[in-house]
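Which chain is which? They are A, B, C, D and E, in the order written, and residues in each are numbered from 1.
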Amino acid sequence: METAHKRPNYILIWVYLAVLTAAELGLAFELPISRNWKLILLLFLAVWKAALVGLFFMHLKFERWNLRIMAVIPLPLAVIFILAGMSEHIW
Amino acid sequence: MTTVAATAQVAHGHHDDRPFIRKYIFSTDHKIIGIQFLFVSLFFLLVGGLLAMQMRWQLGFPGKPMPGGGILPETMAPGGVILPEYYIQLVTMHGTFMVFFAIMPLLVGVYANFLIPLKIGTHDMAFPRINMWSFWSAFAAGLVMLASLFVPEGAARAGWTMYAPLSARHDYSGAELGQELWSISIVLLGLSSILGSLNYITTVINNRAPGMTWFRMPLSVWALFITAILGILALPVLSGAAIMLLFDQILGTHFFDPPAGGQALLWQQWGHHMFVSGMNPTLGSSFMVSTLVIAVPSAVKTFNWMGTMWRGNLRFTVPMLNAVAFVAMFVIGGLSGIYMAATPVDMFIHDTYFIVAHLHYVLFGGSLFALFGAIPFWFPKMFGRLMSEPWGKIHFWLTFVFYNCTFFPMHILGMAGHMRRIYDPTQYDFLKPYQPMNEFISISAFLLFATQIIFFVNFWWSLKKGKPAGLNPWQDNGLEWTLPSPAPHGNWERVPTVYRGPYEFSSPQVPEDYLPQTRKLPGDREPAAVSAAH
Amino acid sequence: MKFTGTKPAMPKIDMSEEPKCKAKYTAAPPTEETVVVNPNGTLANVFVYVKSGLPASYKAPAPSGPVTLDQDGCRYHPHAFGIMVGQNLQIKNSDGILHNIKAKGTKNRPFNISQPTTMTSTRTFSAPEVMVPLECNVHGWMHAWLGVLPHAFYGVSGADGSFSITGLPPGTYTVEAWHEKYGTQTATVTVSGSETKTADFTFAGK
Amino acid sequence: MSWWLPLKGSTFAGEIDGLFIAILVITGIAFVIVEAGLIWFVVRYRARPGRKAFYTHGSTRAEVIWTAIPAVTMVALGLVSNHYWVQIKGRNSIPPNAYPIGIHAKQFEWQVTYPGPDGKLGTADDFTVRNQLHVPAGRPIVLALSSEDVIHSFFVPQFRVRQDVVPGMDIKAWFQATVPGTYELGCSQLCGLGHYRMRAQVFVHTPEEYDAWMKRAAQGEASE
Amino acid sequence: MTHAAATVDQMRPPYPAERGLDVYNTKLGMWVFLASEVMFFAALIGTYIILRFGAPGEWARPGIVLNIKITAFNTFLLICSSVSMVKAYAAIQDGDPKKMRFWLLLTILGGATFVGIQIYEYIHLIEHGFVPSGVREGSELAELVAKGTLPAATMGLYGSTFFTMTGFHGFHVTCGVISMTYLYLTKALPGKYTKQSYGGIETVGLYWHFVDLVWIILFTIVYLI
């Protein structure tokens, strides 16, 4: 019914993760850019890494849609929760 | 189709040869766990009630020695006179026991455990051992909470909502160990509820009997399923907050400590009804909208219940009486909630007895009447016997009358501006004229409490001497009524097959006015899974 | 206990919220008691105690009789006083209105108890501490100071400015005088046999 | 003992009471309809031998109707409430000429700081009085609320004003008293063992009386 | 459904599943549990963000209090243990229990080392005066606060949030190490995992990767920002 999946190259994912971590460190301590840019880039890298782990190591990329939904449901809630808390302090 | 090997574990059926301790104490049987929750939460209901009686004594007769209060230690009530610090402990622990250890476990712990596997047709929960742990951590939480009443400085005393920083710092509250035990207990209870919810969700998704489609699932299971989903998402947050509170108390962290930059309102981030807490007014408006939105489904529910009764054939058994009373009381609680949703009015009635009245109409009226209906209803399936109907009716009518005498006048007190959680209303000149009403409420409350003795006696008596119940004493359609009473360990030898929804009453297809979900009529198709597997 | 310099004016306490307390001051309105200068020019409420000099092995049993702290007219009586470790402190509410007693000690376990009506509560202290502040949060002006000591060699200057410490064994001692506003002063006193020695302290007002 | 709301002592008391009455009427009608319906059904459809219940799968039209009516009512109520809410607590609701009074709450007292004769807070002639709030009638008052320790709540029933006082936050609230007289200010958020006694007297003076009181009080004779 | 796909789909091999979601109970249960874990860490991280946004002043700059180098190594270690975990899973799917045991043991070692390094880090920090309530008086860090290198106003919050977040993560890693060791001893060594039955490995793997995922986020927001 669904397309067949081939096993991903886990070592390659591992290399990605290691390189991204090194990039984060370099970005945080060596790169002479403004704090806000650092913040955005660092968060972007962190989400990228987290997505790699979730999609490949935890196989979310290969699961059925209903299990994927289960994994994804709390994420928007968590984000809304954090944003609601932040909005308290921005007014 | 993949195999169904994992569900096909053979049920033990009637011959259950486990030792007593595995059968009734450290049991993994969902029914025993449900019954364990029932006994424990009824006990805490009693504890919470006793605490309420002491509060009502002080409010009705401020500063007078409480009858029998002499047995309390000097730190609580010297000479039987309740001290202010003991009073706020009573307030706190009454709320805590009732909400966390009586009503929540009675509604969820008891009936989710007992009913979900029976109603969806499976042998047990998906994770029976986790289920056992869920009960025992709730039990431990209860013990810790109970123990906190007896530590030297007394129990927690910041209200069951535990607003920080009153709850976070000992020098503000005057209690150290009591506050810490409260937090520990709540964390344990949170863990228990998460484990429970995990089980309910997995079981409902994965282990329904053949033919039990989502739309054939009884509403009670739906409600418990949705509650579990909300629980799995909300409880970790609450537990996290309780842990931070605990860290503030024992590690000296500063999460809720304003002088060190902490946020007092952090604790309340999750609460409703906080329009006056000093937050962003626009946020107040959006909260108002969300509260108003709750009113609409509540109204729809009420109309649906009435629609169910419309042109029905109502048999006034004890469960039915309580169910009708539940609707009637839920309406009052729901309507009084509208006052809170209108922010300017809420500003006035917030933290007054109006809220106390509303809370009790929702929690007592909305939950306890439902439970007083549910307990006799499923009593046969739990213990094989029926509870006494005449005593049940006496209990019902007395409860109904005294309940309204207790909680309805609180609306009037709230309109007068009577604050919540005050030890002695006569301190305020504007409240002195209301003392007769406070006395009336207190006396009604004592009578309401006394009435519950009837329930407890009926319960114990019926355990031993009740009329033996047949398979299906109420002529209901659910799967559980196809089992013997009490239901055996492992429930079914082989899981039943479901052919229709649970609410086929007075169906023209059969002469009886009920039609069990498992009864196969000519023309009913076998569910796909069954036809494939067998 | 001499007092020199200008006598600070003590602010009046407005007790109108507690008519029962207000009624107890018919002659003159109540004032705060931070600095009480006696008519003879001496300073009251100075706590004097033997700070050091006692042999390490010296041990005194706590007396069986209690020390009484009375709350009368929304003020503490006495305002500054001493107690021995393990001795009972009887806290008495003579006003019949709500008082709470918050002890904010650091070496002793703090407590915060309330007395909604005429009643007596008893507490003890487990460690020496000079001084333990006592306060009532319902009546913000109510303060008392309590010195907890392992021995009985302490006194408080009274309405004539004098104090006495009796029964000291022979030896050389450091005696400290403590006042809530003016701080501490020390003196060295040598006692030999059964004699009476005098130590004078002078606090200067600012 | 009154069975109704307390005296209307401030400008927005009338609006709040009006809203209260409106809700009372709406909920009253709903209450009567639902409870009468319940009783009618209970009597009319009680079990009788030989009769079977009516078999139905429900009616979509009925469901739509009984969803729409409460929804419309709620939205209308929400709009009206919000209108008043913005007037009472909105960010820009505080009248610019409001007379400032500082309220510092601590376990268990209200420390009221008056602006002194110059009418400004934060100047040398400010003075603080325990547990006594004096305000002139007919003039908007803006309270600057702060807390020493825990969350307290400023509540004067006759003014229909309540505002939580949160430690670490500076909160402003306003009201305008209308009826001279003596009232009580209570703490309505559990704040410790003396919570029930965290009470202050509220004196609403005529403007002339207030000026006279201010003169006396500024000289250190605050007591009534 | 599975007959044709089972032979080809390496990521969804046949496994005894339950009726409902076509996933076996333990795996579904773990996902539900992880959903609650997401909310728990969201609460912790949310609190951190709220407190940092609303803090009365600047937050201490990264690298002054905390030792970034050693934590960066720790991060790398956790990533390695994640990949060894997934290798163990792949090995047992291929029906090679020996290889599976090797990778699983490596994962346990990686996790244990992570915890060890974190304990070392905590001891080091506490010695320097960084404690959950802020900065200990009279310590090395207290001098930095006095000099103004560290902001006095926010150190209390910094200590509170740092120790709570990293502490709870460390607790999760410890739980993971304990359960993996338990499975290694009671299931993997006696050879109970086979090509047809490896639910324990997959489930504990999901947990382990989640813990790694959380650390990726925490490392960035606690140590780098």
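Brief remarks follow.
Quick note on the criterion: a contact is a pair of C-beta atoms (placed from the backbone, for glycine too) under 8 Å apart; a residue touches a chain by one contact, two chains touch by 3 or more.
This structure is a prediction, so every number in the text was calculated from the model and none was measured.
Separation of chain A from chain C in touch steps, taking the shortest path, is 2.
Touching chain B and chain C at once are the following chains: D.
Among the chains, the centre nearest to the mean of all shown protein C-alpha atoms is found for B. Seen from the Cα centre of chain E, the chain whose own Cα centre is farthest off is C.
Across B-E and C-D, the chain pair carrying more C-beta contacts is B-E. Note: the chain lying farthest from chain B is C, by mean C-alpha position. The centroid of the Cα atoms in chain D and the matching centroid in chain E are 49 Å apart. One finds 57 Å separating the Cα centroids of chain C and chain E.
One finds 31 Å separating the Cα centroids of chain B and chain D. Taken residue by residue, chain A touches two or more other chains at 73-74, 77, 81, 85, 88, whereas all remaining positions touch fewer. For chain E, residues that reach two or more other chains under the stated contact definition are 1, 21-23, 28, 32, 35-36, 39, 42-43, 47, 50, 54. For chain B, residues that reach two or more other chains under the stated contact definition are 83-85, 174, 233, 237, 261-263, 265-266, 269, 282, 423-424.
Chain pairs that touch one another, listed by label: A-B, A-E, B-C, B-D, B-E, C-D.
Listed in rising order, the residues of chain B touching chain D in the complex are 83-85, 88, 91, 157-159, 163, 165-166, 172-174, 258-259, 261-265, 274-278, 281-282, 284-285, 288-289, 292-293, 295-296, 299-300, 302-304, 306-307, 309-316, 324, 327-328, 331-332, 335-336, 338-339, 341-345, 347-348, 350-352, 412, 415-417, 419-425, 427-430, 433-434, 436-437, 505-508, 513. Every residue of chain C that touches chain B in the complex is listed here, in rising order: 98, 100, 102, 104, 110-117, 119, 121. Partner chain A is touched in their complex by these residues of chain B: 233, 237, 265-266, 269, 279-280, 282-283. Looking at the complex, you find that chain A touches chain E at residues 1-2, 4-7, 10-11, 13-14, 17-18, 21, 24-25, 27-29, 38-39, 42-43, 45-46, 49-50, 53-54, 56-59, 62-64, 66-67, 70-71, 73-75, 77-78, 81-82, 85-86, 88-90. Those residues of chain A whose C-beta lies close enough to touch chain B in the complex are 73-74, 77, 81, 84-85, 87-88, 91.
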